[in-house]
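What follows is chain A paired twice: with chain B in the first complex and chain C in the second.
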Partner chain A sequence: MIRAPAFLSGLGRFYIGLVLVFLYLPLVIMAAMSFNVSPFYQLPFEWTTEWYVALSDNDGLIAATLNSLEIAVMTTIIATILGTAASLALFRYDFAGKRVLQALLFPPIAIPWLISGTAMLIFFFGTGVGRGLHAILLGHVALALPYVIIVVSARLATFSKDLEDAAYSLGASAWQTTRKVTLPCIAPGIVAGGLFAFAVSFDQFVVSYFLATPGQTTLPVEIYAAIRKGFTPEINAVSTIIIVFSMSLMFVVSRFFRFGGDQ
Partner chain B sequence: MTGKRRDSGLVKAMPLLLPAYAWLTLAIFLPLSAMVYFSLLTSMSPSGQSATLTLGNYATFFSDPLYATLLVRSLELGLIVTLVCVLIGFPAAYVLAKIFKGRAREAIFLLVILPFWSNSLVRVFSWSMVLREGGILDTALNAILPFKVTFDLMYSYPAVIIGLVHSYLPYMVLTCYLSLQAIDDALIEAARSLGASRFTTLRRVIAPLALPGVLAGSALIFIPVVGSFMEPRILGGHGGTLYGTVIEDQFTAVYNWPLGAALSFILLAVVLVILLVSAPVLRKAA
Partner chain C sequence: MARVEVQNVSLTFGVHKAVDDVSIAFEDGGFYALLGPSGSGKTTLLRMIAGFEFPDTGSIRIDGEAVENVPVNKRRIGMVFQNYALFPNMSVADNVAFGLEVRGEKGETLRREVADALDLVQLGALAKRRPHQLSGGQRQRVALARAIVTKPRVLLLDEPLSALDKALRTDMQVELKRIQREVGVTTIFVTHDQEEALSISDRIGILKDGRIVQEGAPEEIYDRPASEFAATFLGEANILSGTAENGRLRLDNGLAIDLPPEGGTVAGDFRCAIRPERVHLSALPDAATAGGQLQGVVKRRSFSGSLSTYVVDCGGKEIKSVVQRGGGTAIEIGRPVELRWNRDDLVMLPAA
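Let's look at the complex of A and B:
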């Protein structure tokens, strides 16, 4: 155990404080401005909730929010099921080309979204899949799948194959073993993977942007359009809501899955 | 014998693997292949009818210096943002891994990582309220300083850098933290007791061991920053034209998809080459 001199560790604490201010200050100011009367963010600050009221009349934003939620929920369900199945297969069976399959999970994460998004636009347009919410869902599931597989596989790595073998030797079928032994053991990993998938989809902008059409769009795409037209406190209000929403969601995830901590 | 078992493994694994990988093929791998094909078409119309194959789009990249200039500008931006993230993120990760303990460490770590999982578009947008004239920094500076200053970073290159560093800093703290945390304190103690100064210990013991984390974080930041277009659009204004925004234009404004596909593919190739060149260094570090 090394002890840094008190002034050094004090300096360290002060520094972390500065980094946290850098990370949170703009968000706090944005939230504050969503409660400010002036539509041009003028000070002094005067409290109002009119922008939140205005929000409830903004049909375009509400429709886009519902689309975002619907796509995020569907992405979560599909990516969690497909991803968990794939993780189980990669955990249980050994076969030629397994490493290649595992390596193939990284392109969707590592390739800039600008490139994935434009590539999907070209392919979906050329094959007649077209643009719209279904195309956005296709894209989001693909982006979320690697996260689910990585998180669930990390959980499986702590699971002992002996438990499955014990179940088999006691006469359980493959399905019974999976349902009664394996899945309950890795449930926290599945839940965390599902919440990651939700967050990936709900916050996704770039890919949705290229696949959206005027009537079929998601919240981040609508917000981007509004920002480019001109800033409004309504955008602050809706942004504040989704920041609070996603941060609370990830706070819950952290209860299920320690980020990198013990994996 | 082993070969046979491995084959039967694949047969059993197939039904579980197929849905996930079929989806990835449909939504990632086929589109990327289609993009390569599209980049070789002459037609300006996205339907590709009566288009012929050509290398013209790639020729455009090499004949018009604008594209190369913008690509260099984007690569430069990627380097600057990555470097700033290392300079801010590494010390933060060090303090977190070696000074904070127990619950305080866990809580602060979570606080650093949380913004990363909130909407990046919104976080970039939030800077516009800080950086503009009449914004918070402008007002605060004028309140403190006895003379009038005009502080307006909005729609400038520094604004783009600030927004991107804010977006990607958590990556660097995360990866550096993971590798710093794995360093045994006894090693640091040994170096110190053998007479190494704090700086020498940092340079000769801690830095080499933490290098994989720094490099992993750098790759995770550099790649998306080079392809960024939303951040420069929101914070950069007219000065925010970058390689990514030109690609975006080809798809959403100019509708020259084949050229956009070629530009995207060149970006992907450049990023891959950079990764391949740095792969030996990465492997050596790991």
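Let's look at the complex of A and C:
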């Protein structure tokens, strides 16, 4: 690594510090206020856990949180399996229409979710799929799939086909080769793809908003509805829990799979 | 261990005939080199014997069994890849154990076979390392151990030494030969390095444009190349072309040389080859005292350690001569010389 000149490195540190402040300060304030007595962000700060107690009685918010987690986990599992399988097929085989298929995988990422959501609503309504959690799950899987395929395919691009050939030459079946050689080698890509899928689903507001019904809704939709009715510090409390949960998840995953490094 | 027989095998990729009607037999326990420039079809032929590619026509037999439609994982072969292709997610021992594990071996038998294979390649001490912690030569040995631990019927090597530096490559050639002798497995070795093919193998098949142009023992091919391509690809050769008549060859520049005894009957356009080290030089006091097969003037001179290479201008035709550097003084540039060779060392080539 090239050492930066002292003044630049000072400036750089200041800049990075600024970025971190902008990223984390609002979150820190939100977390702090979830433990503050005043519901109107008033100081001085007085410690309380009453908002967490109130949250535990807010069945709507808790149900929506569980829905969100359930859908995010299922989306992650389904999209990761389908996406990894699709990436392997694109990596291993040449078939008619492969290029068209690859070209069609990217645009959904660039299509605004508002438009995808409208289209899904109309489509699901027309085909009888309807609205509700099952529709939200279908929509989330469809949104997450291209991310998984792109991330896993990027990892596969660094994977040598010779490794699969070597496994076959040693007598391994296609399944043994996939399970013992290919999947372990691309595991960091699969985990990263899964994280994307989780984030796309857990963070999803627009598409969920179109497909949710009263009682069958997700956390972002529920929080939006709650804020429209009037802000309560329970929102701070549930948000703080989510932040801690998400950051711990990311921390654990990044410890297990050192991204970027080759091993 | 087995005999491998390739019969009239062809494979076309699109419009490109990668392998064109090749027939060759690899005897049980032999060490064969498939030698050719890139694009000659040698790797494609190897991959067909392995089972990664399937011939359009023709048959491949291993130990008498027709395998041309058997996929690679059912063929019981061992293969070493150019880039080693070690599994990065496994230790050295797990890499070697892989082929046994997928066959369902486990426990003490498995451990012993892996240990024996690693001992054979002298890597027993590194069993727990990961591939990225090994040097190029060590990776090569692991790849070899992994390929032979399953007791394959035939061992296939795809330019396995090309990624190593020269000194290490020479060591590995000796090592590879030792291991092959010890295991006794029929071995087919693809290379574009002619020196490697000459030093390592019992027999060499030379490929060009998807065809085998010559097959035989290294000395045989070197001494008696069957074509100009074989003569120039395997080692260096002076090619002399001209018109044959009455046992002599009149070169294109008007000079004439004697053909070997069996050349008495040929007539018309003809080509001969002679190896530079079979061309002997001696300096003449002046151009008038002619002798030898040809006379000329030293044009260039270079030396590489124990050898000197002279390029002699014989009436416009350049002829190379390689001589062992002894105690005598070198012949200086511009000096008239005579060139001598044994008539039997002149190889007659078929008309191009």
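Going forward, the second predicted complex is superposed on the first by the 239 of 263 C-alpha atoms of A that agree within 3 Å, B and C clash if a C-alpha of one lies under 4 Å from a C-alpha of the other, contacts with A are read in each partner's own complex, and residues count from 1 in each chain.
One rule holds for everything that comes next: a residue touches a chain if its C-beta (ideal position, glycine included) is under 8 Å from a C-beta of that chain, and two chains touch if they have at least 3 such contacts.
Only a predicted model underlies this, so the values are computations on that prediction, with no experimental measurement involved.
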item: Superposition-derived comparison: chain B or chain C, residues of chain A touched; value: B
item: Partner chain(s) touched by A:Ser160 [first = chain B, second = chain C, both, neither]; value: second
item: Partner chain(s) touched by A:Pro184 [first = chain B, second = chain C, both, neither]; value: second
item: Which of chain B and chain C A:Gly126 touches, first, second, both or neither; value: first
item: Touched partner set for A:Ala54, first chain B, second chain C, both or neither; value: neither
item: Chain B versus chain C as contact partner of A:Leu101, first or second or both or neither; value: first
item: Complex interface listing, chain A residues touching chain C; value: 160, 162-163, 165-173, 176, 180-181, 184-185, 262-263
item: Of all residues in chain B, those that touch chain A in their complex; value: 5-7, 9-10, 12-14, 16-17, 19-21, 23-24, 26-32, 34-35, 38, 46-48, 88, 91-92, 94-96, 98-100, 106, 108-115, 117-123, 125-130, 132, 134-136, 139, 166, 169-170, 173-174, 177-178, 185, 188-189, 192, 223-224, 226-230, 233-234, 244, 247-248, 251-252, 257, 260-261, 264, 267-268, 271
item: For the chain A and chain B complex, residues of the former touching the latter; value: 1-2, 4, 9, 12-13, 15-16, 19-20, 22-27, 29-30, 33, 40-43, 78, 82-83, 85-86, 88-90, 92-97, 101, 104-105, 107-108, 110-116, 118-126, 138-139, 141-142, 145, 149, 199, 202-203, 205-206, 209-210, 220, 223-224, 227-228, 231, 235-236, 239, 242-243, 246-247, 249-251, 253-254, 258-261
item: Chain C to chain A touching residues, read off their complex; value: 50, 52, 71-74, 76-79, 81-83, 85-89, 98-99, 102-103, 130, 132, 146-147, 150, 156
